[in-house]
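Presented sequentially are two complexes of subunit A, the first with subunit B as partner and the second with subunit C.
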Partner chain A sequence: MHDLMNVSYDTQIPNNVGLSSDKRVLKALEKWHPGYINWWNDLIPDKFQQSLVYLRTAVSVDPKGWAKFDYVKMPDYRWGVLLAPQVEGRTIPCGEHAGEPAWQEVPGEYRNLMKRLIVIQGDTEPASVEQQRFLAITAPSLYDMRNLFQVNVEEGRHLWAMVYLLHKYFGRDGREEADDLLRRSSGSEEAPRMLGAFNEETPDWLSFFMFTYFTDRDGKMQLESLAQSGFDPLSRTCRFMLTEEAHHMFVGETGVGRTIERTCQVMKENGIDDPYDTDRIRALGVIDLPLIQKKLNLHYTLSLDLFGQEVSTNAANAFNAGIKGRYQEHRLDDDHKLTNDTYTVWDFEDGQVVRKEVPALTAINMRLRDDYTRDAAGGVGRWNKIIEKAGIDFELKLPHEAFNRKIGVFSDKLFDPDGTLLSGADYDAGEKGWLPTHADGDFIQSLMVQVTEPGKYAGWIAPPKVGIDNKPGDFEYVKLAMA
Partner chain B sequence: MTRPLKQHLIDPEICIRCYTCEMTCPVEAITHDDMNVVVDASKCEFCMDCIPVCPTGSIDEWRVVTAPYSLDDQFAWDELPAQEELGEGGEAETGLEALDDAMAALLAEAHAGAGGKAKAPATASKPTVNLYTLGKPATAKVTGNFRLTADGSDNDVRHIILDFGGQPMPVLEGQSIGIIPPGTDDAGKAHLPRLYSVSSPRDGERPNYNNLSLTVKREPQGLCSNYVCDLRPGDEVQVTGPFGATFLLPSDPEAELLMICTGTGSAPFRGFTMRRQREIPRNTGKLTLVFGARRPEELPYFGPLKKVPEDFMHKLFAFSRLDGEPKHYVQDKLRDERERVAALLQSPKAHVYICGLKEMEQGVEEAFRDIARGVGLDWAALRDTMRDDGRYHVETY
Partner chain C sequence: MTKLINFQTDPSTYRHWKVGYDGPVATVTMDVDENGGLFDGYQLKLNSYDLGVDIELYDITQRMRFEHPEVKVVVMKSGKDKVFCAGANIRMLGGASHAHKVNFCKFTNETRNTFEAAEDDSGQKWIAAVKGACAGGGYELALACNHIMLTDDSSSSVALPEVPLLAVLPGTGGLTRVTDKRKVRRDRADVFCSIEEGIRGQRAKEWRLVDEVIPNSKFDATVAERAQEFAAASAKPDVAGGISLTPLARKIDEAAVHYSLVEVEIDRAGHKATITLSGPEGDAPASMDEVVAEGDQFYLLRLARELDDAILHLRLNEREEGLIVFRSQGDADRVKAHEDLLLANADHWLANEILKYWKRVLKRIDMTSRSLVALVEHGSCFAGVLAEILFAVDRSYMMEDEFEGDNRPLATILLNGSNFGTYPMANDLSRLATRFLGEPEAVEEARGKVGEPLEADEADALGLVTYILDDIDWDDEIRIFIEERASFSPDAMTGMEANLRFAGPETMETRIFGRLTAWQNWIFNRPNATGPEGALQRYGSGIRGNYNMERV
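This part shows the complex of A and B:
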């Protein structure tokens, strides 16, 4: 009997799933492993591959063991297969099988649906590493560079998690899908990543922070709903991934917060009270608050699109089958079947944005998106506190869900951030005030300079309040390899 | 007055509301509203499961309070309130050296010689305390047990190396851990842990190994010291801690340290010195060690200490039983070097540490008083200032 808590290092692949006694899967993963290492090595610039990065590695899935910090070269990072401990007697939490014992194997009738969900989730993990591959070159500090690499190696581990499920439970199809996860590539013409938002480059650090705040939060919500899956290995995998995903939320929220803090500080130091005095503010080398609002508008709305159509039969099927639950399903107090319930969604009827009751089952996506919006609003509130504390009259807002949408009921219409329907001419006139322009992008790009002295930060961002792993301010989070 | 309480809190300015702690807490003491994640003081059992899982560091916050902050208090916070000044109560009750009463009392007694409530150096790293408790100890494996004193000596001091494998054991130099002796007392109850200062630096006895060392003297009737001194490689030991939140090394490389010890009181200073050597080996002229023993062969780490360059650490050895020599104690060495000591007492960068047997306190205090008087200073006032500044530390037993 293998140890289900501590990570075993007796195979090339650290794991707590007893790989050493599961020869078939071990062999398949070992065959997949070199391709993964090649993918990683081709991706991140060599200088950073050779650097020592202060990373956390899980040595156990017990709370005390999953955050062990040490210097490691990224290609030597111990990517592994880690599942949260099995809960004795766990039952399927939702849908028509609610209350039956959770599945330890994939039920044949749901095999394809399940495989597709795992492949879509798996595809996003390497995609974000690809999107962020050049950011280290303009890291505003060693602290931020370390955080970027931590996000990257953990996205890599999340790919491992999904590949394990594919190899273990989906036979030859699964192996082919796992190979395809390395074949597709973000932004590629021939073989792009599956979801649109994961084919855009992450061009600068503010975009990275916005991405980790808004887009990784979609990932978090998807993981939350998969953690409720009746397929127990998927649930356990996602539960452990969520503990890692929390770090990505942290990088996003504090990154944007520190950017705002620095802007407010420089405005105050220079006697600027008007947040719209953008030329003067930009001349001081910090990012004006209206531009931060525009970046927020863009990343939030791109992320909303990731939730799919407001009314979806696929989502209904996945819930009904017990494959995917709702956010915190176990805390919801209803019959967990939703057969006769309704849910209010946005719709567009007779030229009007309206709220409409639809069968709750078909509104599963919308419900998760609403939970997402609530979750995302919390951080925006914190950012506003920073602005308020500095005494600047400005408030960041999440735009209306109709704004800038490419998927769903609003996708073929034009709206302003308040959700007012606009003519093409009005939209064109307003757009540059709502979404980042190329000129805005160029300005942000002009601030992106690498800072590699321990404890120093680029001029556009404030230092963090506390270090990683309680380290002091001038801690050398990355020992850069000399070229 | 009701007894002060140690309350676990979350810093709302740093927390990002990921709820990982809430999902981890085994007793559901953590909850949240739309703004803040909070800890219910009536439910938290200090198991520390939530501490490592937090991605932000916001969770490791503690306050000593006379009445605990309610959930509503905490929901309303934009920032964490400062620690209130608690006039009443000794260090054991109002300090955060340890969260369990027995260990807090032991440390408070050890620190009593500083003449007031101990404070950590301003630039010390943040210590972790109470990660492992009597109910949930860590298991360490003994990987070394070496005698430090000469074979002929009746003084048996041991260098013990413990490895923690996959269990995190974040100790800072100057902190202690508890060792639980096996078996039960006459009343059939498990023995309480005994405290030992860690003698290795924070990154391990061997760098990047999850191990630490202790310096333990065999006491004739000592239940735990005999147990520890008899341990063999491969044996497993139950460990609590870490403990201690004030007798710590300042991170400031400019800080000057005057370290005064006898016997196994050298343990924390070995950690201090090794930390400095590993981190800033070219930082010379900042350390002074005054070390007392009966004879050189009874002075733990005498060999390795002699190899530390004199410009890195100025070393003064006081031997009280050398054949044909007058008896020398640490206070005599302080007086011999009164100019150096006086300069240190007047430097705002200087930190004084005293560690060893209780009996040494008085002699050292008198030497300081005389040296201070010699430069026109009042020792009691100077000591209080230094202590309140986190620059005067006593740990004696």
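This part shows the complex of A and C:
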């Protein structure tokens, strides 16, 4: 018996799944490992690979011990395979098998569906690292650089987690899929990542914060629904990943918050009350609030697209099969089968945006997206508190779900951020006020300068309130290697 | 589904396809309009198709042949990101009547046969350039092309997911073309047809599912290069330009469809439709140049287009007319003279296209699941290509001797050289060779009569008609036959006729239609697919099909 609370370091791969006694999987993973290291080494500029980064490493899945902080070179990071502890007597939480004992092995009839979900989830993990590969060069502080790397190595670990499941439970097909996860690459012409949003480069730090706040939150919601899976190893894997994902959300929320805080502070210091006095605000080297709203509009709507079609057969199949649950499925009070229930979704009929009842099973995506929107609104409220506290009359808002969509019922129509249907001309006239322009991008880019002195921050962003691992303000989070 | 389905379209009204012409290479781009379904109640997502999408594709294949003879290579590709074609629309199938599904699949495969044969028939080679998911009917489209190119982007795949996903078959040629055309090993085919996600990359090539797998960054360039190579290697003669296929002169009434050379009379109470073909109004042109000048008004082309449309109209829009009666009136010598001009110039592109088109129209008649009967009356013109109809139908009746008060010329049949191989059936034999499978000498005897007008007793002796009837018997015998036929079970009739029509060797084509008719249509009727708890009905609801596990 292996000890679930203590990670086993007796093999090349830290794990709490008894890997050393599972020769078949161990062999597969060890074979995959060199490819992974190559991928990592090719990805992050060498100077940063050789730097010592103050990272947390999961050494145990115990709530008190899973985050151990120390300096480590990223290629030496111990990407492990860690699953949340098995819950005795766990049952399948939803769908036609609800109440039956959770599966410990993949049921043959759902093998393909399950494999596809794992592959799609797995594909996003390395993709975001690829999208963010050049950001360290313009990090506004060592603190932020460290957070970037922390997010990166954990996305790498999440890839490991998905690869473990593929190797362990999906045989030869699983090994091929695991290889292809390294073959595809964000933005590649040869073999792009599976989801469109993961093929765009993250060009600047505000985009990175917006991405970790909005897009990683989509990842969180997907993990939440997979954590409800009747396939127990998948559920356990995702539950542990969620503990790490929380930090990514934190990086996003505080990153945007610190940007707002700095803008408000500089406006006050210079006696600017009008948030739309953007020329003066920008001249002071901070990002105006209307531009932050535009970035928010963009990233929120791109993230909504990741939830797929409002009415989805695949999502219905996955729920009914018990492979994917709803957000917090175990806390919901219904029959967990939804065979006779309905759910209200957006639709577009006769030129009108309407709400419509559809079978609840087919609206699983929409429901998760609604949960996402509620979850995402929380941070926006906290950002508004910062603005309010500074006494500036401006409120950030999540745009209407119809705005700027490429997938779903709204995708071939034009709407403003309030959800009003527009003509092409009206949309063109308004667009530059709703979405970042190239000029906005250039402006943000002009602020992106690397700051590497411990305790110092680029002028467009405020320092954090508290350090990582409660370290003091001038703590050297990254000991940069001399290039 | 009672709305009238119109098989006539033209490029100005296409909703689902775009066609580009660049010298010898044409590009056919599938870009299905989600909201352009033929019926309400479904959206054509992910380049999925319904009959309306297929009608446009059929129009494209026809115009490619007649309007663009300069084309030697046709590249079929998708206008959508990430999906080549997701196959037949499942919600449409789930909502359609059985009869609609069957007719839809049949027409779909006839269209596929058309472009599949385009290389052999006309020197137009079709390439499927597959980027994105290519599943079910989407892969069947690619299978009917002459060359399949697949991009290697680690997500594009070819797949036949019908069995695991829907509990039906990739039966519109999918299974059969995998084994008979692509010659995929049967155990690999078994694996391939059982997995939803299909096969991608090099394995698709190793397993013979595609001809080439190409790195994604080089895909478009390689497709373009291959198209040019094939065009350069083509033996098809260069032709400056084609002819126009103008809209048919057609008028649909309550109980009739009128064309310029074809009249369709509908007798709903009697469950009967009568198709009357008219002979040529004038003499045959003297040369192919004149035929080109006449264009789509040339007698045999106009007749073929009108008859083709009439058959399709009856199949989809007049489903209770279980008996189709073929008649003709006109000058048999003139029919033969028109055909002779084409046969003598068979290497002329337009002569070849018209002859090949007749081959397809006659096959469409063979494949029509109605009781077919031909009446060879006085004044009729069953000559050459039109005589083929006599050998396509289930029974034929011929007038013998003079009829009182009828001053039309005596009924004759005029055989031509074309009756011995120009228009092979799906089994690759001529209709006469199929008819006389056990008496090959009868074919030779008939061949000896080419060009001689054969009156009833001689036609009877040669075995060219079922019965010859004189003035006294004609009306009653025909009436009784028709009434009796109308009283039989339409299902039993369809089954019996399909069994009897296609004697002789199997070909890929006969196997596809035979299996489509037997297996796919059987499965379409079984509760495991189409019952209230069947997989096809439940598709999209999230609830799986509930199968009766008894093997039948």
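Remarks
In this section, the second predicted complex is superposed on the first by the 483 of 483 C-alpha atoms of A that agree within 3 Å, B and C clash if a C-alpha of one lies under 4 Å from a C-alpha of the other, contacts with A are read in each partner's own complex, and residues count from 1 in each chain.
Rule of thumb we're sticking to: contacts are C-beta pairs under 8 Å (C-beta built on N, C-alpha and C of every residue); 3 or more make two chains touch, one makes a residue touch a chain.
Just so you know, these numbers come straight off a predicted model, no measurement behind them.
By the touch criterion defined above, A:Ala316 lies against subunit C but remains apart from subunit B after alignment on the C-alpha atoms of chain A. Contacts of A:Gly424 after superposition on the shared chain: neither subunit B nor subunit C is touched.
When the shared chain is aligned, no partner comes close enough to touch A:Gly271: not subunit B, not subunit C. Once the two complexes are overlaid on the shared chain, A:Arg116 sits against subunit C while remaining clear of subunit B.
When the two complexes are overlaid, the chain among subunit B and subunit C that reaches more residues of subunit A is B.
In the overlay built on the shared chain, the residue A:Pro359 is in contact with subunit C alone; subunit B does not reach it.
Taken together, the subunit B residues at the contact with subunit A in this complex read 13-14, 16-18, 20, 23-24, 34-35, 48-50, 52-53, 55-58, 60, 78, 123, 125-126, 128, 131, 166-168, 208, 251. The part of subunit C that touches subunit A in the complex is made up of residues 45, 152-155, 164, 195-197, 215-217, 539-544. Residues 6-7, 59-60, 63-68, 70-71, 242-243, 245-247, 249-250, 253-254, 374-375, 377-379, 381, 385, 465-472 of subunit A are the ones that touch subunit B when the two sit in their complex.
Those residues of subunit A whose C-beta lies close enough to touch subunit C in the complex are 96, 112-113, 115-116, 180, 183-184, 189-192, 194, 309, 313, 315-317, 319-321, 339, 359, 361-362, 364.
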